[in-house]
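You will see two complexes here that share chain A, one where it goes with chain B and one where it goes with chain C.
This part shows the complex of A and B:
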């Protein structure tokens, strides 16, 4: 039996195992769910959705407002035109953000995935230490991580800039990738690895042809999460940035502090639309891989 | 699953362990050490043991900010949970779970700072609310909606609500709602059956929700800075000022220790909860990740 057929069987087998024996409970639950929740919770839900979307709607409307300010002064595309023609600094910040997001997510994905494999399937002396290290950064307040990195970089004499931001982002991204890949690996039985080894695969072949493909949904969502978190981060970046290394959140921050241009409204709308357009197909793709 | 003893395991984990030891653990230990040192003449530290930085914590100004931080964090967390409970319940019992989940997540794909900026655009003197009130003639001078505690709490609730909704939804989704009917049949009131039957069963989600709102709010920096002004300052802002402006690193370190200490207590409570039967460590971790991830960062 080749690696591929082995894998195919696993893929077919795993979801089956997960579903067995649940159908009865599920249908009962569905029945219970069909009796809709109370009108109070329905009101709470929709009021919350209005609350969630209200700021976005305000930005959308303001982005088409001819003049700055709270009162409507006429429809215009001027801020969109300015966004794409006169905002060089903004696009440089966007470029920095994209570069750091990609590099830090890649680093975190490689190191996080390898560690998840090691911790899930092997025993070694510092296993508990790795687990703890991959948990703590997620729960410490950002400000503490930011300050400690700033002090650390000053201590070792690293010039603050894109490199220090990259290191900081890879650091806070690592635990998320580790967690997501671990969760995926937990669904598989170690016998898959044993089978591959018994059939003559080397350690490296097992890694590349069995472990990596079957944990791909975990790896892919870990990578995407890392990219998102990196693009989002403001607080940690704020502390470890240096002259000239402006990321998009830092740019927005200085725009808020030192006079807001309505170009930011247009930028927000473009970013929300862009994110939705980017994430929707990716989500479907992830579901597709997971279903396979 | 049991881990197999093999030589290769340590090699897989080594790069990760080294990275986090260097760039996470070492910086944290430096902060701990600095908090016990004297302030250098021009920033930095002097290599001498001192409790000065901890003595400074007793300073009236700091105590006041610490107290305010705790109050704001408690109020915002309580509000968030109170809203998240019925919302999560409604989603869990819904037939359109995917759509309802989607609607909760989408607004949080917007950049963290842009969401803050949007609230400034609503609440500011030149903002939507004041603009509207002026145009209908109710006011002539803008009313000050920003730069106060209320604005900070409002925006914090907005930012962290999904962190509470998602874990509550996940655990409630696994709850068998027939138990509520059973409780009702046995004579419990509607609210009573929810409080006494459902809440104990979704406790792990509740604890996750509380922690994932309280900890980041307690260490908040950007929101109080941008919508709170000087009077809305929280501990995070004091730490930042001590580092960037006053350049008193030991003092910034000792305040960071306080923030870390409070967060650690929360986490220990969280881990103690997870040892209870019914929720495995992996489930707890997955829940935590789900909350953080779906809300799209902005911790």
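This part shows the complex of A and C:
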């Protein structure tokens, strides 16, 4: 807080407080109130909001347009009706995506969490290299991962399809979970583990009753990230897919080659609505994750 | 609850080329409040971790009530540890933290609840049972850690610098509390600290350690008044320590020639022959400081002349640094036992006489010829 605000506060008869005695949060809140709305930052704020949400608004409007094309031709629910009644193939692709997202995220979460615990709290040769190597799939271009997985699957003779996509997704999701759980574990002191053992817990009990619950926020955010990444992945999936195993992004891509059908717009709006409906009740929990 | 004897014999432990413990042997008695005292890196924490089952010694044995425990992991030992960093489980409430060991043993809920309440009452935290560790102050967290370590009814409680993260006032308070908990539960306490004040005030016996070795074991007054080595004399409290040689010896009265001080009289427990090389130590609070030369009524009074280099007033006492004519500095503590508002009697740069009787000095590290 500046001296001027302190003086002003004193003039207004506010109780005198030591300048340093104020918590960071309190002073941030005061600053927010004091700032004028018509500043450059206010402009930047609104510009960002518009930039972020304009495409969504366009999509929303287009999904209610009666006819295909750029010009407004009247309000209609026709594309929504088509989406829910005449789009069997689309829903099959959506089902595939959901199944793969859930299964691969679950696998990546279990493996990534165990890997993070092992690398953080156990000593073994080349531990530092394992840690670094784990981040490779995050940095490598997707196309490299896609090709290498394809070569690998061909080499071991795995038939391309849902299983190969599932394995591929679990693979590229693993480092994200690993990173998030590691970050959480790094905050804890190893003596917590020793304390659990000292109080009579076996190694497995320590894992289940102390380490996993303690790193739950990291595990949960890792899982959610993995679901999202899997749902939206196109490049890697494109390489390792096989006949009949179409995910939603692949379906949409093949559909827009014949011009964007407004059914896709309607689907997008439904998905955005679904995500918002999911996130709102979870908002406090997400905040808790971020705060931890 | 009953305490256990702990017998440590010839324990050695190295980390790479660093010898953390070198041939350490200690006998700790049932129900004793025993302190391991030494500067950081002296091996005291390593020894405690070996007792707790977190480290395996390279050589030697550790026995609790005569049973060798070296091969047992931490969860199989009747020892519990209070960690320096508290090590509370951040995701569990205070109640659940203390209940943790009982839940592992599947204690029935009714028994569990009343036991946890008893132990929270022991550390005066009944009112905080539903809080999370993050909501407690440092002193409260430490008390939770103590209750959690005691609820399993261990026969030995290991405390690893439990008070080092607390501020000075709270530390004093917790120390008294720890002592009263020890009186109530009656088990063996092994307390690791680098703070000689803590160790002196609560321990039944103290082992002073340095560089992986035990230098002296004994009750606090023995460690303070009769240090076995120069290191112990310097590490425990403050002292004036000089190297010298015995030049005359009459029964239990020895005359020590110290190059920087002159000849000093000192009484000893055993006769020390002339020609022995010794260290002479006298505690600052045993030296009297006066502006006038004391009347030579007693034959065994040592008197040294000097000038005040630095007086440090701290309310209950003044600490003087006095430089003698031969250029060495003595530390002298003068207690302010009587009320006085006149200001200091002895001022900076004033010429003073230091005196102490032969009984107040002690000989350390006697090397007989």
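The rule we apply is simple: the second predicted complex is superposed on the first by the 238 of 292 C-alpha atoms of A that agree within 3 Å, B and C clash if a C-alpha of one lies under 4 Å from a C-alpha of the other, contacts with A are read in each partner's own complex, and residues count from 1 in each chain.
We take it that a residue touches a chain if its C-beta (ideal position, glycine included) is under 8 Å from a C-beta of that chain, and two chains touch if they have at least 3 such contacts.
Predicted model only: the values in this text are computed from it and were never measured.
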* Asked: Is this a clash or a fit when chain B and chain C both end up on chain A?
  -> fit
* Asked: Can A:189 be said to touch chain B (first), chain C (second), both, or neither?
  -> both
* **Which of chain B and chain C A:100 touches, first, second, both or neither** => neither
* To do: In the three-chain superposition, say which chain, chain B or chain C, touches more residues of chain A.
  => B
* In the overlay, answer first, second, both or neither for which of chain B and chain C A:213 touches. => second
* Asked: First (chain B), second (chain C), both or neither: which does A:120 touch?
  -> first
* To do: Name the contact category of A:201: first (chain B only), second (chain C only), both, or neither.
  => second
* Of all C-alpha distances between chain B and chain C after superposition, which is the least, in Å? -> 10
* Asked: Which residues of chain A are in contact with chain B in one complex and with chain C in the other?
  -> 189
* **Partner chain C, residues of chain A touching it in the complex** => 188-189, 191-192, 194-202, 205, 209-210, 213-214, 216
* State the interface residues of chain A toward chain B in the complex, per the touch definition above. => 25, 28-29, 32-34, 36-38, 40-42, 44-45, 48-49, 51-56, 58-59, 62, 68-72, 110-112, 114-115, 117-127, 129-130, 133-145, 147-152, 154-155, 167-168, 170-171, 174, 176, 178-180, 182-183, 186, 189-190, 203, 221, 225, 228-229, 231-235, 239, 248-249, 252-253, 255-257, 260, 264-265, 267-268, 271-272, 275-276, 279
* What residues on chain B touch chain A, complex-wise? -> 1-6, 8-13, 15-17, 19-21, 23-28, 30-31, 34, 44, 83, 86-87, 89-95, 100, 103-104, 106-122, 124, 126-132, 134-135, 158, 161, 165, 176-178, 181, 190, 211, 215-216, 218-219, 221-222, 226, 236, 239-240, 243, 249, 252-253, 256, 259-260, 263, 266-267, 282, 285-286, 288-289, 292-293, 296-299
* To do: Spell out the part of chain C that touches chain A in their complex, as residue ranges.
  => 52-54, 73-75, 79-81, 83-85, 87-92, 100-101, 104-105, 148-149, 152
